[in-house]
Each structure stands twice: as C-alpha cells, then as structure tokens.
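Before anything else, here's the structure in question.
Going by the order they are written in, the chains are A, B, C, D and E; count residues from 1 in each one.
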C-alpha cells in the first residue's frame, strides 16, 4: 500500500440511515485530496446495512482500491444482530477481494438526541474518509498515529505510557 | 448496476411463514415493472429460513441478477438464532455469487396481533420488492433516497439534519 | 430442481443423539418413495453435531443431491453455542457444494419428558425427510404450501390472511 | 470413508491448556491401533485455541486424513467467545480441506476441582481419539452407536425409545 | 513448520489502541532473533481491529510466513462484538492464506487502571511475539510447553496432573 496516484475509492451507503453519510464521505474525500492525486470516487446506495457487503465487494472487484461502507444501526436487539451480520459479511468481502473496506457504523443510542446523532454521523464518516485517503496515499501518517488512541466521531482516547 | 432491460429476479420463500410472502413479492414486481422491462421472475419455495441461502445462491448462479429471500422469524430465542444463521448464510451466498440478495425478515413479535402481522408481512415484502426493482432498473432512485431514513413495512423514520 | 428420477439423498446423524434419527429418516424416505423414483440413500454416522457439516458436504461432493443432517441439542448454554456453530457450518457446506442440506435439530428442552422427546425426534425427522423427498421429486408440492405455517414435529401454525 | 490401511491422523493442541491433551490423544491412538493399521500420527502444538484451525487445516492439506484438535476453555465470557471463534474456524477448516477435524473442548467450569478437571481432559481426549480411530478404520462401529446418547468424558446419556 | 532461516513476520496494529503494541512486537522480535535467523519484519498500521484481518492476509499473501495482529478492545458491548467480528475475520484470513496469524487482544477491563493497562498491552504483545518467533524458528519449544497452562500477560496458570 505505497503512496500512489490515480486511485479509486468506493462509497456505499444506505437509504435506511437518517443522514446522508455517503455525501459526507464524498465531500471529505474531495477536500482531503489534491488534483494531482487523481482520486476517482464511485458511489452506490443500497437499502440497508446487510446490503453493504456485496455492493462493496462488487466495487472492489470493479477496480476500487478501497471502499467506505456507511451505515446507521438502530437501538433494538434485532438491529444489533443486523449489524453483526453486516460486519461478518464485510470481513468476508474484504478477504475475498483482498482489499480493505472501512466500515462506518453509527449506533442510534450513541447520541443523546437527533441533533447530536446527525453531528456524529457526519463527523465519524468524515474521519473515516480521512483515514481512507491516508491508507491509500499516506500510509506513513497512520504509522505515526499507531497506538495513540484515535477515535472517529467523539474525542480521541489518547495514548497511555509505561512507567518510566 | 446500470439501467438495463431483460433482467431476472428470483424469489425464494418458505412453507414455515404464515403468509405467502413470495406471492406478494411476485405481485409487486409485476406491478412495478413495465412490459418493456422484460423482467423475468423465478420462484422457489423451501421449508424454512435456513434453507433460503443455498436456494438463493443457486438462483443467482442460474442467471438471476438479484434474489428476494423472504422469511418469518418466530418469537423464541432459538428462532432468533436461526435468523442469525440464515442471515450469515445469505451474506456468504451474495459474496460467492457476486450479486445481491435482498432479505425480507418479519419477526412475529413486531406485530401486536395476527391481523397486523399479515399486513406487515405483505407490506414489507412489497417495499423490498420495489427496492429490488429499483436496484436493477432505476439505481438513481435509490441514490435520491440516500440517508433519508427509509423503512420497509412500518412508517419511514425520515431524515435528520445538521445544525445550520 | 426439476422433477427427476434416480436421485441420491444422504443422511448424516450422530452417536450423541439419544434417538436413532438417521434410521427414522431412512425409513421415511423408503416409505415416501416409489420404486420408479430409483432413490438411493447413503448414510453416515458421526460423533456429534459439529461433525455433521463436513460429513454432509462430503456426501454432496460424492454425488448426493441433498443431505438430511440430524442432531439433538442439549439444554446447557454451551450446547446452544455448539448448535450455532454446527448451523453456521451447515450453511457454508451447502453454499460450497451448491446443494441443499436440510438440518433436523431437536432441542432437549422442547419436550417435557423423555417419552415426548423420543416422539418429537422421530416425528420431526420424518417430516423433514418428507420435505427432502418433495424438494427433489415434487417441488410443486412445496410451492402449494408456501406461507402456510408448516412446522416439523409439533402442530402446524397455519396461515394468516390480510383483512379483506 | 471405507476401512483402510496406512492412514494419517494429526493431533493439534495448545500450550494454554493445563493438561497435555495432545499426549493423551497420541497415547490412545497408539493403544487403539494395531501395527497392521500402519497409522501415522503427526503432532503440532500452538499457543491457544484460536490457533488450532489453521494448524489443523495445514495438517489436512499436508496429507492427514483426520485431525484431532484439543483445547481447554476458561471460565470467563471472553473465553467462551474465543471458543466460539475457534469453533467457527474449525468448521471452515474442515469444509475447505474436505476432511474431518474432531474438536475436543473441555470447559474449566465443567469440573468441580483441578483433580476432576485433569481427569476430564484426559478422559474426553481419549474418547475422542477412539472415535477418530473408528471414523477412519471402523465406520461401522459408529453406525452401530447411532442415536445411543454417547458422551465423551462424563457418563453416556443413553438411548430413549418410542412408546411401543 | 520446520526450523528455517530467512523468514518474514508481519506486524499489524491500530491507531485505535492506546499503546503502541506494534512497536513492542517489533522490538521483542528483534531481541528474540539472531542475525543468522535473517528475520525480516513488515509492519502495517490500520485504524481499528476490524481492519486487521485483510491487512494481515495481504501481508501473508505478499510473502510473510506469520502475522502478529494486535488490538485493544474497549469495555462496551459493541466493542466486544467488534472483537468477535475481527476474530472471525482473522480465522478466515488464516485459512484462506494457509498461514498463522497470532492475535494479540487486550480488553480494557482486564486492567485496573491505565498504568496496568499499558503494562499488560506491552507484556502480552511481547509474549505473543516470542511465541511467533518460536513457531517459525523453534517449534520444538512449543511442543515442550504443551498443556502447561501458559498465559500471555498475566501469570501462567500452570499444569495440572492426573491422580497418580
């Protein structure tokens, strides 16, 4: 995963989510990239999170180097089980395609109200999009942040250190 | 997944379900499609939801572009575990076939009585069938609904927005 | 899965189960089939339910058109986890082989005593065996029962209908 | 899986377990087999149970006809989750290799003290090893025990029968 | 897995973790190996634990003989589910690549404070790195520790023995 020009990133999101995570991902990728990166973005929208894995894999198989898969998870037990299933599918999709899929999941109960939920869905998606850009174009930036407690959305946890 | 004519959709449902979800899916697909779409529908019925994945994959391998897999989930813990297993299988089936399977799951406890349950099974199946049609023939319609809180069956949750 | 003659059904069951489910399956298949069906039955016995998937897949790969995999599940949490693992394996086995495996699972706690348990293990196995026969030789019989609330073992749940 | 001479059985166990299950398996296989069986045993030791699946699959791919995979499971929730993961991996390993892996799992909480735990780990491993031998050399012995409530370690549950 | 010279070990860790586990793994591998081992180490950093499997598999496919995959797991239920998903992915990655991935997982709640957490993350990573070295260069050392209750991080549990 060396620095390279002319890469393709896929963005898949859902009609189920209550915020346009896909648009946020595309916007952030546009902001993060320079014209010389020649970054191409492909976007596909599916109904729900269990539809993300095959759509993401198909984008990878069609030439994307990485896919950002965005979804919102409801608060009921059945929703968490859906998230588990989607996540297992995303693992398999990545392994079969041999390329990474960055999953962006926001759980409804993480936010105290709709206002914070919209903020969180936007923010977390953008931070994952920034990670996606770095994975393809600046892997050394991720190496520099190894073990530093980075979070996407809410505040970073920060690093802890061994007793001197 | 560009707009195309002459596509095939598979419908798989079960003898376990208490409502004929497969018939509802086929009926809705007939209503949604125009003769010029030349949509072909293949239907297979299996005993229970754990029999859906291989049947769906076989339909995809036989030429279907998408499969709608319909099932009802009972209220006991073992039923939810069956649903989890079926869902994991549906993920794998999609990834191996490289084509989407839209899962339509109705949980018995979602409805307050048999009357509402029948309504929900019919309604949710039809909304998923409409999605299936759009995925193959009108992907731009899904893009237009990205992040708008669409639900299948009960009322949509609707979109939320960032503070201005 | 068209009507055909000369099909092979595999039966796999366990030494763990307290009732000879495999013998019940074979007996029912013999009763359901006519000589002109030229049905061939292969039987393999393994120690426990987690040994069913690979044995079933090997039967499918060796030429069986369908496998009936029978197991009893104990009442402890670890037993339910074993059943989940076996079921996930059975999904994968079917998808890799491209042919169906009908799983027959009886949970010890479903029955109120050993007498009912034996009855249930026998009855459920036979009803799944009848389904297996229909899947290969009479798929139209399954279509006729779509959405009618069929159950294997205890009484059928029956169909529900939309308000007129 | 017909009776055959010159078979290979792999044994994989862990440094995590508190009892040398691998040695017990090898010893029992030696006792069960006759020189004319020309049974070859390969043994590999890995750190923990999640390392068993790939080691077992590699043994199968290298020519073993069956692998016995032995592990001890601790009492915490995270340990049970590890066991689930290892078991899912063992399923996949078998299906990809097309040959059986007999998993020998002992849960710490099954025994009332260390003395019983050691006994159980030894006993269960040996009974699984005996099964492994029969699966390769005497499958008819397993058929004779179908549905008889066999257990590995503690007492057999025994068969139940239908009312006459 | 015979003794060999000139092997490659991959190290993958995350920006999510609050301690630089990857650096600890690399440092320990350097200490454990001799120049004559000609050990080569490749390191990749990804955002979170669900990104480990495909990164690890890609390292194996690119020539690594073994990968050490390091991650920290938070205390919430959703974090444990993430760990389960990552672990299932790591199993699949190993089986598809046919080579081992040693997973190093530290759960935040295992430690009583940040000081102990940093110590545990360092210590456990180093003990897994030592295992990785032995798996490639000294498999006989693992055989000698079979069934002796080894732990990574906290104190070993030690072996138990049969009544004489």
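One rule holds for everything that comes next: contacts are C-beta pairs under 8 Å (C-beta built on N, C-alpha and C of every residue); 3 or more make two chains touch, one makes a residue touch a chain.
Please read all numbers here as calculations on a predicted model, not as lab measurements.
A.B. asks: What chains touch subunit C and also subunit E?
C.D. replies: D
A.B. asks: For subunit A and subunit E, what's the span in angstrom between their mean Cα positions?
C.D. replies: Roughly 25 Å, centre to centre.
A.B. asks: Once you find the CA centre of subunit B and the CA centre of subunit D, what distance in Å lies between them?
C.D. replies: Whole-Å distance between the two chain centres: 41.
A.B. asks: Which subunit A residues sit where two or more other chains touch them?
C.D. replies: Where subunit A meets two or more other chains at a single residue, that happens at 84, 88, 92.
A.B. asks: If we trace the ring from subunit C over to subunit D and keep going, which chains do we hit, in order?
C.D. replies: Cyclic order starting at subunit C, direction subunit D: C, D, E, A, B.
A.B. asks: Name, in rising order, each residue of subunit D that touches subunit C in their complex.
C.D. replies: For subunit D paired with subunit C, touching residues are 1, 80, 83-84, 87-88, 90-92, 94-95, 98-103, 107, 128, 131, 135, 139, 142-143, 145-152, 157-163.
A.B. asks: Sort out for me which residues of subunit B touch subunit C in the complex.
C.D. replies: Contact set of subunit B toward subunit C: 13-23, 43-47, 50-51, 53-55, 57-58, 61, 78, 81-82, 84-86, 88-89, 92-93, 96, 114-115, 117-119, 122.
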